[in-house]
Amino acid sequence: MAISEAEAKTARYRMVSRFANEVSTVIDVAGVKIGEGYFPVISGPCSVEGEEQVIAIAKSIKASGAKILRGGAFKPRTSPYDFQGMQAEGLELLSLAKRETGLPIVSEIMNQSQIELFHDVDIVQIGARNMQNFDLLKAVGGIKQPVLLKRGLANTIEEFLMSAEYIVASGNPNVILCERGIRTFESMTRNTLDLSAVILLKQMSHLPVIADPSHAAGIRSLVAPLAGAILAVGADGIMIETHNDPANALCDGAQSLDLEQFADLMKDMKKRAEFEGKVI
Amino acid sequence: MAISEAEAKTARYRMVSRFANEVSTVIDVAGVKIGEGYFPVISGPCSVEGEEQVIAIAKSIKASGAKILRGGAFKPRTSPYDFQGMQAEGLELLSLAKRETGLPIVSEIMNQSQIELFHDVDIVQIGARNMQNFDLLKAVGGIKQPVLLKRGLANTIEEFLMSAEYIVASGNPNVILCERGIRTFESMTRNTLDLSAVILLKQMSHLPVIADPSHAAGIRSLVAPLAGAILAVGADGIMIETHNDPANALCDGAQSLDLEQFADLMKDMKKRAEFEGKVI
Amino acid sequence: MAISEAEAKTARYRMVSRFANEVSTVIDVAGVKIGEGYFPVISGPCSVEGEEQVIAIAKSIKASGAKILRGGAFKPRTSPYDFQGMQAEGLELLSLAKRETGLPIVSEIMNQSQIELFHDVDIVQIGARNMQNFDLLKAVGGIKQPVLLKRGLANTIEEFLMSAEYIVASGNPNVILCERGIRTFESMTRNTLDLSAVILLKQMSHLPVIADPSHAAGIRSLVAPLAGAILAVGADGIMIETHNDPANALCDGAQSLDLEQFADLMKDMKKRAEFEGKVI
Amino acid sequence: MAISEAEAKTARYRMVSRFANEVSTVIDVAGVKIGEGYFPVISGPCSVEGEEQVIAIAKSIKASGAKILRGGAFKPRTSPYDFQGMQAEGLELLSLAKRETGLPIVSEIMNQSQIELFHDVDIVQIGARNMQNFDLLKAVGGIKQPVLLKRGLANTIEEFLMSAEYIVASGNPNVILCERGIRTFESMTRNTLDLSAVILLKQMSHLPVIADPSHAAGIRSLVAPLAGAILAVGADGIMIETHNDPANALCDGAQSLDLEQFADLMKDMKKRAEFEGKVI
């Protein structure tokens, strides 16, 4: 470790700190790299809703240039009467989509007893509402897959790093930080995307940092311009919600791009990535 | 149920809603009542630190008039390097204090695998950071003890009610709502106590509502005046952190009252409760 | 001055600081005292709408026990198409109500060119949106009447004290601080009343501190319980919106008490004031 | 006007709305265009501190490619003991810098009595703290120069548009909207830059929209990456604080670029503007 004793004593996020590693961490997910120079696009539906849906989306986003498939199987929903996801069956459908397309998959885990079910999931996601579910953080510190950790709705940058530290200190060095908007007084957008946080996280930590404009905005027409901004500030990747039929999506339809809109966005993002010198 | 079919369909927190019960819920915890006319004071240390400490505090607060002992065994701490609580041993010491004093006990659970360990805990607490840990909410829906649910740092009143609904819809009707301050731009206090929320929760739901001025303020000198305000707005109880030696507390010392300060506060609160027509 | 040279150098609100005066400031407004032991109730309509309205309200609230009449003549409205107040004519009607009832009057000033028009207004109010209109603060530092300064929607306690310092440093020692709710993510209430701020302001400054539950809540049914809480935390007064016909008020009807509701509230507040040892 | 009667009745910001003009407004400031395709860079010091300083900065930023010079003469400062600006003398020095370099100038007005003093200022700025100083908004509705209106620290997008409406409805159609960060719980940055607001403002209004990364971030190292993001989301310009000696600046030194850093940033921004098809 490259940090001094004094730094080690004071730092409450000493292992994820930039002091710990001068070299930025690059994470390899089944051949897809995240970090320093690589800018993979993660895409897919809020919820897996059925075989036809997830396969159609996976094939289309792959053709458009996405490198990783996202899909919710266990869904953290505000009300118990909202659709709770297809659960274990949803994970099986994601595995099927992975076999069909070759895309690695990412899905959200909601409690530590589900770890075994996630054996075929390439990146295990901790959602914003569980960012300070410390027992879950410790538990995913023991798995072999990388963890995608989303920033909590009202958590500071330092709290975010300390939650990442829980995972790394528990044995899993492969954490991807994801800014997804914070809760503010502004109600026109779902949340307020905090791009300064992306920049600061890159300065303060060696971990890769991505952003999610879909959940941040909650409005489809903001996703493409925010995507360009995310690339411009130096993020290491992006996560974008897509759906083959947004108007009838079981969750988050208003913020999901349809597959054609995603294809158009990817054309634009490829030019932008080339301009920035990044591999998309 | 007293609600119309239309209301039942639309309400995303239909069981905890005032529409569901015209009569407010009164919860009985080993003979201590919470709700409509009863205003129990819950007190004790942030963390159980040892036998001598917890017994000394329990005896003193009982003598001062507290009705329920609180104490943290499993601690949700921002950094993995902060003190994480005495864990199972902490729960045993709370049980010991309960036998010594007769006070029922409340302690925070951090994940569903701990439920068995909490068999002797009279009220199981879900902390602010787990308010939207929906799997944990469902799990405590299956236990026999009442659940004390704290409002999340950035959660709206409606989200709070929907989290309570998760517990009730999972089979446990005995939920106590606890306002403990929300996160705002003001940094002089730890959080901003939202007393309007206490009033609205009482209007919107039949569940008992208490408040925690210690975590809201984060400053000792604010606790007593806020306690009077909590009683004045019609809350059903209060939770106050105390310590026999705040200067050396392992957590939250700055907001803990010492035992003499607590005794003084209780003298004042008894007069206030009498004025309000409440049983303290 | 009781402050040390070091304190004087560092304090950016040195004259309003508790260090400056050990004795709390009591302000006398045409015989009505505000501060230390006196808890006057200020009431009246959001906007002066006509002679009949303002006289009817003034007589009724006086009979109920209010000590000061409030009424808006120049209204800071979000849209230029909202009712902007009766302006100079509104001030004349307030003066008329003052002569009819003997109640001193308070009204909001919006720019320094209006100072002459406010010659008969007993307390000049600076609204929340002008809390950092520093030129206006300096200007009211030169008037002879006390100034009621409202906290800005997103201003910290320290910024609030520094705005008061502008007035005092410009020559007017009689400033009344008014907490009226801050803007947070919670949208069910208009703002979030910050009672911790009232307590801290009393600890940090010698100036009188009042609170406005009507603007804080924006909902009529919250006003009475919040009023009790405001008294309980040690505030020096309260400002409550009333209207003789809230359903048809030109502004803020949803948060205004009707005259009967105000009379009932005052009966309760008198008992509470007696309990607290305050002169209402 | 292209809006329907129904829209005209309901819209509280009808004249600045996109419904009012399908064609985006392009503002011409002494030959410098702002809007649709033009992306001028406004730069200069927080405060004018002296002739040598402002001339040195003006010449250097012009050479680097800035199109408009900013400089504070009347400064809205939190404490009355902070430096309040060089005032009228500051405006004279800005005029001098304008004659020396040919750059049009922008400076903040703090009250309507200063309008005459601003006769040689090409763009009159309304600061964030005065965004809802409605009398000042009406007053600048009567001047001939364009107005640069900054978003308030806790104001919503709709409130921002309504403040612009005050100016336009008072007779001045040339308003430039400036997003400069909002106040949130995050304390590591001075404010949180809300780029979604820039996108929404462009969708909802025909007025030009620029952004200020310096005040939003409060940290020098964030300015360049945020500048790229501001260009990427489709803003019509940018305002960046610069100083010839940031370490000794009388205000906001921590967020100011030195002249060499600004030159480097401009080289980067020219490439980015070319990529976006904008004239910088």
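Order of writing sets the labels: A, B, C and D. Residues in every chain begin at 1.
Here is the rule we go by: contacts are C-beta pairs under 8 Å (C-beta built on N, C-alpha and C of every residue); 3 or more make two chains touch, one makes a residue touch a chain.
Please read these numbers as outputs of a predicted model, since none were measured by experiment.
J.: Determine the shortest chain-contact distance, in steps, between subunit B and subunit D.
T.: Between subunit B and subunit D, the shortest chain-hopping route counts 1.
J.: If I rank A-C and A-D by number of C-beta contact pairs, which comes first?
T.: Higher C-beta contact count between the two pairs: A-D.
J.: Going by the average position of its CA atoms, which chain sits the greatest distance from subunit A?
T.: Measuring from the centre of subunit A, the most distant chain centre belongs to C.
J.: At what distance in angstrom does the C-alpha mean of subunit D lie from that of subunit C?
T.: Taking the average C-alpha coordinate of subunit C and of subunit D, the gap between them is 34 Å.
J.: With centres defined as the mean C-alpha position, give me the subunit A-subunit C separation in Å.
T.: 48
J.: For subunit A versus subunit D, what separation do you get between their C-alpha means, in angstrom?
T.: The computed centroid separation for subunit A versus subunit D comes out at 34 Å.
J.: Where in subunit B do residues touch at least two different other chains?
T.: Where subunit B meets two or more other chains at a single residue, that happens at 154, 183-185, 187.
J.: If you connect every pair of chains that touch, what shape comes out? Choose line, ring, star, complete or other.
T.: Topology of touching chains reads as complete, every chain touching all others.
J.: Could you list, by residue number, the parts of subunit B that touch subunit C in their complex?
T.: Result: residues 154, 156-158, 182, 184-189, 192-197, 199-200, 203, 216-217, 219, 221-222, 225-226, 228-234, 272, 275 of subunit B touch subunit C.
J.: Spell out the residues on subunit D that touch subunit B in their complex, using ranges where they run on.
T.: For subunit D paired with subunit B, touching residues are 154, 183-185, 187.
J.: In their shared complex, at which residues does subunit B touch subunit A?
T.: Residue positions touching the partner: 12-14, 76-82, 110-113, 129-130, 132-136, 138, 152-154, 159, 162, 165-166, 169-170, 183.
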